[in-house]
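Structures follow.
In what comes next, chain A is part of two complexes: it sits with chain B in the first one and with chain C in the second one.
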Partner chain A sequence: MTLQDLTQAMGKPTFQRKAEVIGIGREGELLEVAMGPQHPSTHGVFRMDVVLDGETIVKLKPVFGYLHRNHEKIAENTSYLASMPYTDRLDYFCSLTNNWAYALSVEKLAGLQVPERAEYIRLITAELTRLLNHTCLAGFLLQDMGALGTPLMYAFREREKILDLIESLTGARMMCNYMRFGGCRCDLPPGWVDAAKKVVAEYSKFLDEFETLLSGNEILMARTQGVGKLSAELAVSAGVTGPMLRASGVDYDLRKVDAYGIYARYPFRIPLGTHGDVYDRYMVRMLEMRESLKILEPALKDIPEGPVVDPKAKLRGFRPKPGEAYGRIEGPKGELGFYLISDGSPNPYRYRVRPPSLINLTVLEDMCLGQTVADAIVSLGSVDIVLGEVDR
Partner chain B sequence: MLGTGILKGMVETAKNFAGSYHDPERLTTVEYPEQRIAPKENARQFPMLIHDTEDPMKGLRCVACQICEKECPPQCIYIVKSKDKRADYKGQMQFYPATFDIDISVCMSCQICVEVCPFESIKMDTEFELSNTDRFGGLLIHKEQLAKSNEHYRKIHPADAAASDAVLAAEVAKAQAKAKADAEAKAAKAAAEAKAKADAAVAGTVPAPATSTAPQPTSPPAAPAA
Partner chain C sequence: MAMETLEQIKARVEAAVPGAQLTLVKNDSPSAQHSLLVSVEHAFAVAKFLRDDPQLRLDYCSNVTGVDFLDAELSEKVKVKKVVDGVEKEVEEVKKTKRAGYLEVVYHLYSMALKHGPVILRQRISGRSDPVTVTSLTPLWRSAEFQEREVFDLYGILFDGHPDLRRLLMWDGFKDYPMRKDYVEPDDYEYEPTAHDEVLEKAKAHMPKHEVKA
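This part shows the complex of A and B:
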């Protein structure tokens, strides 16, 4: 088939398609700009190929893969345990929830039981991670809008307190590598629960301060309300999860739906947005942090004594029986799932990550069309992506 | 009124600004090279090898079993097993690492080598000021640099070191008990043999099969004990 046949089969002559792309026939010319991968607002190495009519976006193509590290293929060639530290590097802000999602799917595969104390530790660390992620996100979102410094520094000041807790528990600030199949790696150090209680008790004070600073700010409202709208129908059909979906008004939270771990024991509410714009996404996260505190406070009181790892769990020579399992949790960014197939060997036969960042990113063009470049940056910021997870 | 939100926010920043002069809650940073925050007890940076004796190379606990080399996720450990054996801390003859290299430009500080080590030999150090002008050789750490004394380990991770010492003490006690039991068994056997011989002598007859088989089991137990 020649090129002419091909273009005829497609129904449009080549020159006409080209004219469409470069915008002949419009009043002005369209301009194609590559935003990123070195652009500071793209949260890492991410590129948006935007086609602009003046300052209005008429087309947007997300381009990613600059941080591809072959995570899934490496995991298929190493033991189950050796993939655990690599999951830290997926969403490097929330390594503890990544660990939990992976441990959960392996536990499903191998049929391991998690002791009571380990369940509590997992719940507490996951909720601390949620606080940490949402705090940072609010800071970065404001940074993207041009509020250089202040909100981000306040957010980082509070993040540091949680990172101190995580470091004294796991030994590392970000690359925790803490959960194990059937429990956790080590027990809580002495005095940790009291330190965590103190941080949690003081956190609502910080949230009040942060909200006084930001939530009522007219500039922030003007920049975010009505920007980057995402309808509930589109969000559901695109598979968007997490705070982004809930900001569009869909009541879906895996902590309630699956009630994995011990989430069923603690009452908490799911904040929902109504407009599905950037302001709702910001506000949903702010309210989610307050709900997290409501889970953390009683959980830190109730934490029982006992072992932290299933005695049946083996560190070395771990071979689950053949089968498949999909374990998923509500990560701070959305549904994080690991799909594993075992063929009885020490390595998984298939290892697949369902990254929330990547799937939430697929609706970026729909959120940005017809808006300005500055709005696109804010919309991207509100999606909450981490490129380590998008590219894997 | 338009602008109230901004004003409220400005009051908040003003409070923080004023607080940074007198409120310790607001003074969250330290001047790093001069001031330092004490590392957390669980903190981990890169692996080290523990030795027990004065001479680091002679007292390494590592027996070159190569489990950490196999389990290391980024494969940054390189071990060559020795040809000869030497006595370890409980007097058992073991191999030792002729070469033990860790490429810390590859190591991701995940601590899996520590968890899988059955000999309490590899542990995590808290040293983090490792910048180097030689990016190839300088970041490939050999066993001479990896070797750290048990006192150093006790200093940086007191709780873990105590647990590890307890494990080793239990191993030594077990080995000693086994050696003692072996010696007693040997003595008992020798006594029994002597008795059998004496009985045979008393009987005056020659129970040839009994005397010929008896000395044989005495020699094999000596080999594992050595």
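This part shows the complex of A and C:
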């Protein structure tokens, strides 16, 4: 007996029968589950209070604050420069872009200029940071889906090569504290540019390998395509930024829009998704890495000689004139902004971080409703959160 | 694409929204990001105009935050003409004015469609010691949802019209507002093995003077 015969015999159209089988619309008891804060898929201490009907999510409320230390209050009670090492701890994967965002905002507030060589170093280190963030995110996403080990280890192997570069430049793998108002802390060590060129040249080979392993993988596609969909209108309204916004098809990249630093000098394309699902978010990041390589290759050739910090920029006794400034950059996770108000004293009167990963979580519930718990974990993984930044 | 000047925006908003009075807040820093001060009653209508106007289309609310200004005595040097010993002279005097404290909520608006911005919108409420309420803009921009919750959590500002106003970062039983400038840190008296009179008396310093319920 075919399915059609069966449904005819039962006197009901197919879709109704299907709905009954999977239990949608059936009166049943709802189950409340607290996923986290110790759940391995929450990338730290983050909790989702989920209400389930069977395995279908009917309500999801994210709960924050487990890592809250009031970064903003601490920064308001210390000098401008003393907050620089603390910005490393926001998104501890991408401390160099955090440094840049803060330095950029203070430079806007105080009207400082950045020397040419420092602009190049900033661009190069920021793009390297983007590479390592996106690589690791792909690894974590696969880990969340149950591909234990291999993809993450491949990602970490490559990340270590970039971290070696960053360590030889700044002295630290992750807590770099590298940028200063009006430039960078120190010049490139001898041989650094050649080592970076080598890493960049080999990176596209790694990406080919990584994509051969993952992008066409049947299980990956089955787990991610059509999962965690986000429409372009909702993404814009909810202030979603970064690869997640572009995966929903909205062309908005601050490297093009604001053209801060020297991004206007290098042509690169902005990959856009069409479906706004998890697979598109994964794919947009993969393509973004290839575009980053296109920026890095010429930038490493063009880097000029010269000072790395504006000699007029003061480290001690730095007191910007009263006023305010909002500076923002395209971090690997989205728009990272710093809003500063100065009252003429050595400490900022108001210091605010606009955390992209917190604001990207606004739509988590919308993405997960009507899907299963297993899909919620994949959706959360594709948002790319770091709790140091979410909770501040 | 160049955006209109803030003066032009102000004039158009005042023409479009009946009764709305905007004030231009100057910013003297090199960033030159001036802002528009809007009254709490008209904030929603003004914000809606800014979002829907075809020339502006500020569809993206990037940053929402609070700022706390305490009561302050501002001193200003003024040159005054005075008659000293029968001769008119110009004398410098320090003029002191008292400024009552106030709380502010600042919105940074951009346009993703037209790729311009920012337009900075501020709501200001005086009377820091009373429960203060501003208009929530979450119905217009979802991105304000968590950020307004954070401002409520850390500054104790209520948002009228917010769908889900709860604490975001501090725990639910927490009573004070840590980002306020007059916040007193707890003394960790709970860790005192036998919290006694003196310690308990000291702990009272950080008890809230008033309580705001969402």
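By definition in this document, the second predicted complex is superposed on the first by the 366 of 392 C-alpha atoms of A that agree within 3 Å, B and C clash if a C-alpha of one lies under 4 Å from a C-alpha of the other, contacts with A are read in each partner's own complex, and residues count from 1 in each chain.
One rule holds for everything that comes next: contacts are C-beta pairs under 8 Å (C-beta built on N, C-alpha and C of every residue); 3 or more make two chains touch, one makes a residue touch a chain.
Here the structure is a predicted model, which means the values were calculated and not measured.
> Between chain B (first) and chain C (second), which, if any, makes contact with A:Glu160: first, second, both or neither?
Touch status of A:Glu160: first partner only.
> Examine A:Ala325 and indicate which partner it touches, taking first as chain B and second as chain C; both and neither are also allowed.
In the superposition, A:Ala325 contacts chain C only.
> After lining up the shared chain so the two structures overlap, which partner does A:Met145 touch, if you call chain B first and chain C second: first, second, both or neither?
neither
> Is A:Val250 contacted by the first partner chain B, the second partner chain C, both or neither?
After superposition on chain A, A:Val250 lies in contact with chain C alone.
> What is the contact status of A:Cys136 with respect to chain B (first) and chain C (second): first, second, both, or neither?
Neither: A:Cys136 stays clear of chain B and chain C.
> Which bits of chain A are touching chain C when the two form their complex?
For chain A paired with chain C, touching residues are 64-65, 68, 70, 72-73, 108-111, 234, 236-240, 250, 252, 257, 320-328, 335, 337, 339, 341-342, 349-350, 352, 354, 358-359, 361-363, 391-392.
> Quick check: in the complex, which residue numbers of chain A touch chain B?
78-79, 81-86, 88, 150, 154, 157, 160, 164, 167-172, 175, 177, 185-186, 189, 209, 212-219, 221, 315-316
> Quick check on the complex: what are the chain C residues that touch chain A?
Going by the criterion above, the answer is residues 27-31, 33, 59-63, 65, 67, 106, 108, 112, 115, 118, 120, 141-147, 154, 167-171, 178-179, 183.
> Would you pull the chain B residues touching chain A in the complex into a rising list?
Its residues touching chain A are 2-6, 8-9, 11-13, 16, 28, 40-44, 67, 71-73, 108-112, 115-116, 124, 159.
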